[in-house]
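Presented sequentially are two complexes of chain A, the first with chain B as partner and the second with chain C.
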Partner chain A sequence: MATFEKVSLEELNRFVVQASWNIPDVLSMRGTEGVNPLIPRQLYEILSGFDSFYRWNTFEEAIIDKVGIDGVAKMAKSAHDEIGTKINSLHIWCLLAVPFGTGRGVLGNAGILKYSDNSDAMRTIVTFYKVLEQNFRTDGNLWTAFGGYKTQLLNDKMLGTLKNSLEPLTAKTKASFSRFNASGELLAFFGHFDCRLGVSDQGPYDLGDGRLMIVRDHFVNEYHYHWTDVCEELPYVYTLVFTVDKSKMKRWIINDLSTSYPSPADYQPFITHACVFKRDKWDSSVQKVPLGTLDKISEQFDTCVTKLYTKFERMCDLEKALCGAWTYSVGMLLPFALRAGIYEELCDKYGMWNNIPMVFKYFYQVNDIAVAALPKLLKGEGWVPLIP
Partner chain B sequence: MSWGGNFDLAWKKIPVGKEFKKPEELVAFVEKETKFYKWYSGYYSQIAVLRIKKDGSEKTVNVTLIKGKYPPMYTPEERQKMDFDKLGEQPANILWDGEWNEIKPEDFPMNVMEVILPFDMSKVIYI
Partner chain C sequence: MQAIGTGFNVFKNGKVEGIIKKVEKPKDVSSLFINSRNQLNKFIIVSTSGTATFVAPMLTGGVKGMIALTGAPESHLGLLLREYKIPSIMGFQLDNIKFEDIKEGATLVMDCEDERVGKAYIK
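Up next, the complex of A and B:
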C-alpha cells in the first residue's frame, strides 16, 4: 500500500464543490455531438464509472508505490517537452471526472451507494489528480477555465522546434492537410469507441508574428486494444501542427477535454502553415512526415475506418459496452501506467481489465438509471460533499 | 452538508453584520464583493457560505448564484454569437433548486454576519 499524504476530508469536500462547476461547463460544450446508433456510449460511460470509482485508487496507489509522488509529478511535466503523448489535459481531467461523475454521481443518484461511501479511495483519486494537474499545467490553475481556456504546455525549446518545422501551405497541400485532419480525427475517435480520448489539442500558442499555433494529436492506432488490430500498419500517433491567421480569429478556446472551440467555427480557410509528425509506439522517437504523403495516409485511415465499422457491426451490445468501458476504465490510466513501467503488472497482478461484478449486476438496468441520473449530472449534481 | 465548521482553509471572509430584507439585496452584495466563475459554455456562477444568525443562534448555509442560462445548453450557433462579457453584466439570480443552495425565499429577512468564500478566485484569468 502506498504511503503518501492524501488530501484531507475537508479539502476533498471543497474540491468536490469546485469541480461541480467545471462539469456542466465541459459537458454542455461537448453536448453538440450527435448520438451514435452503433455504439452505446451512454451505457459504457456509466459502466466504466463503476470500475473507476471502486478500483482506480488501487491502481493509482500501485503507480505511486512504484515511482513515488515525485515520479507522478515528473510524468505530468513530461508533457512540457513531448508531443504525441496521452499525458494530456483530457486524460488527466478524466481521472477526476469519471469516478466522481459517472461513478459516484450515478450510483448516488440511483440510491445504490451513500455519498459518504469510499471516502478513502476518493482522497487517493483527488490527490493523484491534483499532483498531475498542478505539475502538468504551467499556470498553476486546476482547470483551463481558470487559465483563460488555454492549454500552453510546451517549453520554448520544443515550441521553437515546431515553429521552425512549419511549412507554408499551397492550395494542393492545404487540401491534403484538411483531408488528413478530417480522416485522422474520424479514425482516432472511432478507434476509441467514439470518444475523444483519441484526439487532443493544445495551445493556442501566439507566435508573435500574427499566427496562432495549435498542436493536435490523433492517436490512430492505440495498439493496447484488441479491436485496433485493423490499424496495425499505422503508427501510434500523428501530430498535426498548424497555424491560423490571428487577425481572422475572434477567439480560440481549448477546454479541459483538450477540445478546441474556435470562433469563427470554420477556421480551415485561415490555416497558413502546417507540419506533421508521427510516433510508431507510445515511447518511440518523433519523426517528421512529408506533406506530400498525406493523401496516401488518408486513404489508409479510410480503409481502417471501414474495417472498424465491420468489426463493430458484428459485436453484440454487451461486447460493445465492455470494449467502450475499457477505453475509459483502462484507457484513461493507461498512459500513466505505461510511463510508470507498471502496466503489465496492473494487468496480470491487479486484473486491470477485469470488470467488477457490479458492472454485470446492473448492466441491463444502467439505461434506466442513466435516464434519471444524467440530466442531474449535466448540472454538476452528484458532486455532493462527503459528510464527515 | 458540511464544509468543516471553522473554515480555516477558506480563502476570504467578508464581514457583513447586517440584515438583508430581500434576496435581491443579498445577491447585490455578493455580486459587488466577489468575483464569479466565468464559464465559456454560457454562464457565471458563485457559491458562498453565509454565517447567519437565526433565532438567537449562528449557523452556516450555502448560497448558489447564477448568471445566464443554467444548465448552459446552447446550440453551437447560439454559442458562437454569444457575448460572454455582456453576459457577466446581467444581474445574478439565486439558484433556489440547486443542490448546493441551502437558503429559501422564506428565510428572508436574513441576518448575515459574514460571507465566506471557500475558493481563491483572485488569480483566475478571464478572457
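Up next, the complex of A and C:
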C-alpha cells in the first residue's frame, strides 16, 4: 500500500464547514423538485451514501496505490488539454459532497451512522478530492463561486483548436444543432438515472472577438451501465462546442455541478457558431461530427429515450434504487478508476458494484426518510457537525 | 378566463394556448405518448412532478407547454425545457383549484411574458 500524506483533522473539518455553504449554494433549488414518479432519486441518492461513506476511501487508496498521488494529480490536469471526458468539475465535486452530504449528513441525521464513524476514511476522501481539485482548477480557487462561477480549464492550444473548428450556423444548421443539443442532453440525463453526471459544461471562454465559447459534453452511452444497452449504437460522448454573442448575454455562469445558468435563459437565438465531436469509447480518439448528420443522430437519441422509459417503467423500485445508487457509488469514481487502469480490479477484487449489506438492511427505512431529509440538507438545514 | 395560479417562468415567451392533459404517474406519460403522439404539439401538460425523466417522452414528443407543480427553472427539468424551447412554468402554485379538479380537454392559456413569473388561466 502506497503511503501518502492525508489532510489533518483540522483541515478536514475546514472542508466540512466550507462544504456546508457550498452544497446549498449549488443545490438548494434542487430541493424543490419533488418526487419523481418514475425514478426514486432521493432514495437512491441516500442509498449511495452508504457505499460512498464506508467504501470510497478503500477504492481511492487503491487508485493512489496504483498511480501515486502524482498520478492522481495528472488525471486532474488531463482536463486542460482534453475534451469529452468525465474528469470534470461535477465528478470531482461529488467525491466530497456525496460521502459528506448524503452519507454522513443524511444517514447521520437519521441516526443510522454516527458522526464520529470513519473519520480516518474521511481524511482519505478529502485528500483525494483536494489533490484532484487543486490540479484541476486553473484559477487557484476551491470552488467556482470563489472565481465568479467560471469553469475555465482548457489550455491555449486546445482553445485554439476548438476555435478553429467552429463553423458559422445557418438557419437550418442552427435548428439542427439546437435539437441535437436538447435531445442529447435529455438522453444523457436519462442514461444516468436523472442526474447530471451525464452532462458537463465548461467555460465560458471569452474569445476576444465578441463571442463566448461553451464546451458541453453529453455522455449519451455510458456503456459500463447495463441499462444503457439500448444506446449501444451510439458513441460514448458527444462534445458540443458553440459560441454565443457576448453582447446579447447579461451573464453566463457555470457552477461546480458543471451546469450553465445563462441570462437570458433563452440563449439559443444568440448562438453564432458551433461544431461537434465524439469519442466512441471513453479512451477513443476525438473525431469531428459533420453538422449535416445531427438530425439523424437526434432521432436516435429520441428512440433511445423511449426505450429507456419503457425499460425503467418495467423495473421495480428496488432495482431502480440500486441502479441509481450505482450511478453515484460506482459512477462518480468510474472515470478515475478507468484512468488509473484499476477499474476491473475494483470490480473483481474489491466488489465495487456489490453494495454493502447496510444498503439492504436499511432500504425500507431510508425510503421513509429520503423524501423529507434530502431537500432539507440541500437547503443547508441540519448540516453535519465537525468530526471529533 | 379563470386564473388558476402562478409559478416560476422557465423562460420569457409570451402567451401560449393549448389543451390540458394531466400526468401523475409514468403510465399517464407513456399512454399519452403511445396513444396521442401525433397530437402532443396541441397539449399543455400539467404535471404533479417537476422531475426531468418522468416527463421525458413529452419533451421528445414536442408538447406545446408544460406546467409542473414542483421544481424550479434551475432544476434538471428546467434546463431541459429551456433547451427544448417548451414554454413552461415550474413550482406552480394552484390557486382556488385542486389538481384533481382541473379538467382534461379544457383550454389552458399560459402567460410567460414576464421573465420570472408565469401565470395560467383556464378558458
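In this section, the second predicted complex is superposed on the first by the 365 of 388 C-alpha atoms of A that agree within 3 Å, B and C clash if a C-alpha of one lies under 4 Å from a C-alpha of the other, contacts with A are read in each partner's own complex, and residues count from 1 in each chain.
Methods note: a residue touches a chain if its C-beta (ideal position, glycine included) is under 8 Å from a C-beta of that chain, and two chains touch if they have at least 3 such contacts.
Remember, predicted model here, so these are calculated numbers, not experimental data.
Asker: Once chain A of both complexes is superposed, is A:302 in touch with chain B (first), chain C (second), both, or neither?
Answerer: Touch partner of A:302: chain C, not chain B.
Asker: Applying the document's definition of touch, where does A:261 land relative to chain B and chain C: first, second, both, or neither?
Answerer: The answer is both, since A:261 touches chain B and chain C.
Asker: Touch test for A:25: chain B only (first), chain C only (second), both, or neither?
Answerer: Touch partner of A:25: chain B, not chain C.
Asker: One more residue to check, A:10. First (chain B), second (chain C), both or neither?
Answerer: first
Asker: Using the superposition on chain A described above, determine whether A:329 touches chain B (first), chain C (second), both, or neither.
Answerer: Once the two structures are laid over each other on A, A:329 reaches no partner at all.
Asker: By the touch definition above, which chain A residues appear in both interfaces, chain B in one complex and chain C in the other?
Answerer: Touching chain B in the first complex and chain C in the second, residues 29, 32, 261, 264-265 of chain A appear in both lists.
Asker: Per the contact definition, I'd like the list of chain A residues that touch chain B in the complex.
Answerer: 10-11, 13-14, 17-18, 20-21, 24-26, 28-29, 31-32, 139-141, 145-149, 251, 253, 255, 261, 263-265, 376, 378-381, 384-385, 387-388
Asker: Help me check something: in the complex, which residues belonging to chain A touch chain C?
Answerer: Listed in rising order, the residues are 29-30, 32-39, 41, 178, 181-183, 185-186, 189-190, 193-196, 259, 261, 264-266, 268, 301-302, 305-306, 308-310, 312-313.
Asker: Across the complex, what residues on chain C touch chain A?
Answerer: So the residues of chain C in touch with chain A come to 10-13, 24-27, 29-30, 33, 48-54, 56-57, 59-60, 69-77, 79-80, 82-85, 91, 115.
Asker: Touching residues of chain B toward chain A in the complex: what are they?
Answerer: 1-4, 9, 37-43, 45, 47, 70-76, 79-80, 98-100, 118-119, 123-127
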